[in-house]
């Protein structure tokens, strides 16, 4: 484990140093990532130009949900987002090159071409959160739950990226399907889940645990009753949901690599 | 030099022009067929488009529940708008790219294309129209069907609406091509075209109506958005579908931007030819 | 050093209706001793790459047993990686955007090579292969010959007991090719590195390999010295013609 982290950091540092030699394109890309995500915020702002509340939640609350989801997603995208480019690496043969190295293929894949542009989105999320949080006037008795909530969100999204990567051992020529779950999950959690249909919310609570990225813990932080009337204790099971999904993702990745090495696709 | 008698020359020219049209039709057909090689990618795209359509539809439903009749749309109009905009992603390539040209500019192969006797711009347009037709079948129809099954979508009110929508869709593809062509060629002048690509992506998503219907944009922002070419890609064809806009006015707007962007593209092509062929890149 | 016993490798290709099984390698057995320099020949699609992938642990065999440097490649992939070096001529195993020097530094960390030892080895390899001029150049900007020298260096920095080379001279000009051959030959002689090399360039085989194995349609069609190989088709003068005859199956092959 410690070894894996060391390998990751080492590779990330090497990539960062290498990319620093050509800062121009990276700055453009970081600014681009920042701006493209700002469009989501503008959309929320435009919506609240027309209504004081959306599905029972006010502007600051929606921005809080957006900010927590976005920060969790941005960090996991930075750390593991490259996993969903696996099919590209398989097609060009660069995944084979990773398999001849004495290091985890997972880490090599995740960190490949690590560069500063991966920070663009994080900056955006932090700014949104920094603006939304003070407006909520949270007491410490509830605010303490915000950092663990973001952490659980990071684990959940990272697991989704790993699952998306694992799925591409099968779907080599249709990697976009995975986007529906990773980027789709990020889009879904940017709004209060009370916006969505009942079945969809049940699905992302009990099947793909996206409700535990921010929605359930946020109900605790914002001290709101669950619009769907789900049990109160669900607000505290995010860590469990995150670890379960992470375990599933680890198994799926292993199975994927094993399949790759036995089918040679 | 071909020396022929006067009347023969006319028929030669006519035949030649007919040949050109056939040539571009053939290129469009090849474009269609070339993209059919990526069938699973197209299905994957359709799946993703449908999922995002569902998520976005719920947000609009929540908004329209809070403000029924907002911006002249009723709830069903708003949901239909959302799925139409998802359906336009494939044919109009709202997330950028789609042109082989960008890759060829980056690799320098464009020099070969620029000295060919056929027009690079028309060639690319024909190819792009073929691509758009293919993606319309695979990436537009399935998400729309999903939307109709889940939420029930509005249908155009009659033959006139269907016809004007079809025309608006076609013009939207041409406007989208006109813009993407300019973006792709711009790489002849910029060392790194990723900045231009990001900028184009942001402008396209925001000002086309992809993020939210443009009639929700407040005040001057709305006026500006509705006057810019990107609105011809989503907002205008969707309004034609929903029968929310004067047909001639809408088609005229799209046609004007199509002509303007294609003319700019022609200028950019000859500038690129001068740069690449005379200065050698 | 390399032991291959009755190894088979089949692939399932096609979709649903026309799904069928292709045997890329079948019943393949051979042994390569320490310090040998073996050429591995075969026409395109004969199973060379599949064999290389199985020897390096990228691909697991369907049947049979493989041992390389004392390890089962598919089970002990990472452990094996420290004992072997691999070069793919067709594509680099270096990091495309990184300068050569950074790629090597990464390899030092990944393979846990001692800093002092690493510096000595890199100096030696660098002077032998003449890397000095382009150590700071990103891999993607290197010429094919430079890149190949970089790849070979990368494969040797951890001083592997076995070196697997998949078409290491492909696309090189005559001078680079000669230099590469000279280097590989010395490496084998001075360090006792076991080398397995696939190539389509019979010049490589003639200059380097004491032993030749020829694979065709997934099984070993010939295994012996270069002279033995010539003797299979006595009426042909050049080695190229001999091999061409073997590939097209116009000779009686004595395996």
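The letters A, B and C name the chains in turn, as written, and every chain counts its residues from 1.
Note that a contact is a pair of C-beta atoms (placed from the backbone, for glycine too) under 8 Å apart; a residue touches a chain by one contact, two chains touch by 3 or more.
Per UniProt, the chains are A, B = ABC-2 type transport system permease protein; C = ABC-2 type transport system ATP-binding protein.
Just so it is clear, the model here is predicted, and its values are computed rather than measured.
Averaging Cα atoms per chain gives one point for each, and the point farthest from that of chain A is the centre of C.
Put simply, the chain nearest the middle, going by average C-alpha positions, is A. Centres computed as Cα averages put chain B at a distance of 49 Å from chain C.
With centres defined as mean CA coordinates, chain C is found 41 Å away from chain A.
Chain A and chain B, compared by their mean Cα positions, are separated by 31 Å. Only residues 9, 11-12, 50, 53, 56-60, 62, 74, 77-79, 81-82, 84, 86, 88, 90-93, 95-99, 102, 105-106, 109-111, 138 of chain C touch chain A when the two sit together in their complex. The touching residues of chain B, counted against chain A in their complex, run 38, 40-41, 43-45, 47-48, 51-52, 54-56, 58-59, 61-63, 65-67, 70, 191-192, 194-195, 197-199, 201-202, 205-206, 211-212, 216-218.
Touching chain C in their complex are the following residues of chain A: 7, 10-11, 14-15, 17-19, 92-94, 96-97, 99-104, 113, 261-264. On the side of chain A, the complex with chain B involves touching residues 24-25, 28-29, 31-33, 35-36, 39-40, 42-43, 46-47, 49-51, 53-55, 171, 173-177, 179-180, 184, 187-188, 191, 194-197, 200.
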